[in-house]
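First subunit A sits with subunit B, and in the next complex the same chain sits with subunit C.
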Partner chain A sequence: MGDSQYSFSLTTFSPSGKLVQIEHALTAVGSGQTSLGIKAANGVVIATEKKLPSILVDETSVQKIQILTPNIGVVYSGMGPDFRVLVRKSRKQAEQYHRLYKEPIPVTQLVRETAAVMQEFTQSGGVRPFGVSLLVAGYDDKGPQLYQVDPSGSYFSWKASAMGKNVSNAKTFLEKRYTDDMELDDAVHTAILTLKEGFEGQISGKNIEIGIIGADKKFRVLTSAEIDDYLAEVE
Partner chain B sequence: MSIFEYNGSALIAMVGKNCFAIASDRRLGVQLQTIATDFQRIYKFHDRLFMGLSGLATDAQTLYQRLVFRHKLYQLREERDMKPETFASLVSALLYEKRFGPYFCQPVIAGLSDENKPFICTMDSIGAKELAKDFVVAGTASESLYGACEAVFKPDMEPEELFETVSQALLSSVDRDCLSGWGGHIYVVTPTEIKERILKGRMD
Partner chain C sequence: MSRGSGGGYDRHITIFSPEGRLFQVEYAFKAVKAAAITSIGVRGKDSVCVVTQKKVPDKLLDQTSVTHLFPITKYLGLLATGMTADARTLVQQARNEAAEFRFRYGYEMPVDVLAKWIADKSQVYTQHAYMRPLGVIALVLGIDEENGPQLYKCDPAGHFYGHKATSAGLKEQEAINFLEKKMKNDPAFSYEETVQTAISALQSVLQEDFKATEIEVGVVRADNRVFRVLSTEEIDEHLTAISERD
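== the complex of A and B ==
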């Protein structure tokens, strides 16, 4: 169906051995709003800017950090609608695992399956890769974990990572500030400071989002009042 | 004759103190004819997980092969052994998949959880799980087995005493069932070792 020009996969190899569409997808991610994650000794924190296009937008209706299972949360940089599709698929995969094994899905398994979905879209006809990179934060039997998943479908485990607009500054900042024995509260402070580095305008509980998971293995998104408290501690 | 009684079988799993025992008879028959006296009904999936399958032997073998396949892939993907509770959920799901054309088997699953607590369960041929704290039985001799186990069971038995108890319950029950018997095969599993023993009973 359709023109013969479009009957091959958009992800055909270029002569230099790259998949050009994936490169462009990564560019889309790189121009998205900054997001970052930090793995502490007793938990994980993920955070993102929440810059809305106009002051008329109801910011309570926008939630960029999403929960995948009670003990796994995710944030993104890139295209919001693509993120929603991935969240939906991942939640379904997690529930299917639970239905079969009556056990919560381990973080590595969910990341692997989500990455497999993203890879499928780099090798099928008539589709384009997802324009998002994900940061998955979870706490299971193996302890706190933080994974980044790229549009190509590759995934990495990180102690701390950033994505989006301000990625190089943010990563440099994190490299300096990160310690292996950080507690969750310290990690939240560090995350806020990192976001502050590249923030245009006044940072507040209304224009950033933070999600944490601690040893209680329950992922939750902080309310804007809680974020304001952390901000006050950081000042 | 019911399809579940075509080959004949007897299975017990019993809980002891930080250990469990799982035992089966050794007869394989085709209705009234005995064709093997060394048939294996209990399979080891890993050092802390055993399953016995009673009922139609061909379905038992196929089900075992499917489960080994699933378990091996699980071990490769998740880089760990399956917990007994997880395995029981998997068996239940696989059996229910065939709800309207079932495997004619009744599994008995026994294992040690991560905290070395013994776990036993059985289910019917379409996957209805029955978790028990003391013992579970299956097979053509199940009625006798229930009675024998109920009579001799004590909580918190040490491995040696558990072995004696299960052996007695198994041998006396299969003696009352013409389709099962020809000795016994019993595994007593503790966190540190697996003891496998063959029992000699009435060889008929």
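== the complex of A and C ==
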């Protein structure tokens, strides 16, 4: 990594010891659409707003929640194009692991490798950090897991987390509502209510996306009809 | 205390500004508008049509060499709005990529795959300092085997979306407002309606009536998947139909 003309890093320390490019990247994340994740006792749910720039956009051509492996999914807040790069790299890393060890990559390993890529872009020559934070949801032998990865490359495991525009309200709401023994269905309802808190306009299956993974270890994105059903239950 | 603006280079290369913006990408969008051309794309029930202005700045220029509408493969078209030189680079790379795809995988590159490839390339320019973003917005059109007519828009930021109708260039926002009204109830336009909506949108937004030599029109149709640039006679027929209709 490191572009020929730029053999020096663009992300350098300020006199106070801060890496300002990373801070600016976090600002970019903070102005992105809200997304959140909740770890239940028997699964994980991740969700995001899907506000499109115009009604002329074909919403079926856009999917913000992506599958990395059959049992790991990911959502982001921030810059969509940067997210696509990370999805591509992570999928390749997962596949390389599988090729070598003949077993599916554990969630922690995939998160670590993705975070390592993000860290590289804060230190390599001629590149800027990624303008996304990721919420990775997976279910493997260690049970359901939820990780948040930041532009700096640091990652933590969360019981519930939120990112993007409405992060502080969403986190407060989640702190109140979270219980350790939540079931997946309750978690989906809570996720919807959290998104609804800061939602401008009418929430529907067409302008949010929800991905879930349960004990069956199969990550899937809900159809807009399924989301509408959950919305009706929540009303 | 931190030096807020990153040494003042945040406007010169694609690094973050303090507000988390990429100025070079935003300036690339401005470069698209500076070309002073507006383009429109409309997706119908079984066809897609793209229209753009054809401004020939000098009478001595060979008009046939002034074009923004490029076939990428027999079945995929690309309308490039913005800087002509950047457009030609993009088209050259896209043609290469589509041909390699056909060779490697044995089937024609689908519209959305090409659009994603263009967008991913554009993203690289927004993250690596050694290349600036291209000052081009690309409208990619084709008929997909499974999903029918497709129209994708790829921009300098690396975004790409499928569209029912869209616009790019100087009067982009006015055109999108016009098209939103027309497409509000999800109409299923026939081929003629698709072309006429696209042309009349351009005429309405620029507030002028065109001659057939002043616009370029490209189409793909489900019953004839080849990407075609319409001849002046065909454009004339549509223009006449529009003026008779009004």
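Definition applied: the second predicted complex is superposed on the first by the 227 of 235 C-alpha atoms of A that agree within 3 Å, B and C clash if a C-alpha of one lies under 4 Å from a C-alpha of the other, contacts with A are read in each partner's own complex, and residues count from 1 in each chain.
Convention: a contact is a pair of C-beta atoms (placed from the backbone, for glycine too) under 8 Å apart; a residue touches a chain by one contact, two chains touch by 3 or more.
On a predicted model such as this, the values are computed, not experimentally measured, just so you know.
Bringing the complexes onto one copy of subunit A puts subunit B beside subunit C with no clash. Set against each other, subunit B and subunit C touch different numbers of residues in subunit A, with C touching more. Residue contacts after overlaying the shared chain place A:Glu120 against neither subunit B nor subunit C. Contacts of A:Thr27 after superposition on the shared chain: subunit C is touched, whereas subunit B is not. In the superposition on chain A, A:Pro81 makes contact with subunit C only, while subunit B stays out of contact range.
Contacts of A:Ser54 after superposition: subunit C is touched, whereas subunit B is not reached.
When the two structures are aligned on their common chain, the gap between the nearest CA atoms of subunit B and subunit C comes to 25 Å. Across the complex, subunit C is touched by residues 3-6, 10-11, 14-16, 18, 20-21, 23-31, 52-58, 60-62, 79-82, 84-85, 88, 121, 126-131 of subunit A. By the touch rule above, subunit C contacts subunit A in their complex via residues 1-4, 6, 9, 13-22, 43, 112, 116, 119-120, 122-124, 126-130, 152, 157-159, 161-166, 176, 179-180, 183-184.
Residues of subunit A that touch subunit B in their complex: 99-103, 106, 108-109, 112. Residues 77-78, 83, 85-86, 89-90, 93 of subunit B are the ones that touch subunit A when the two sit in their complex.
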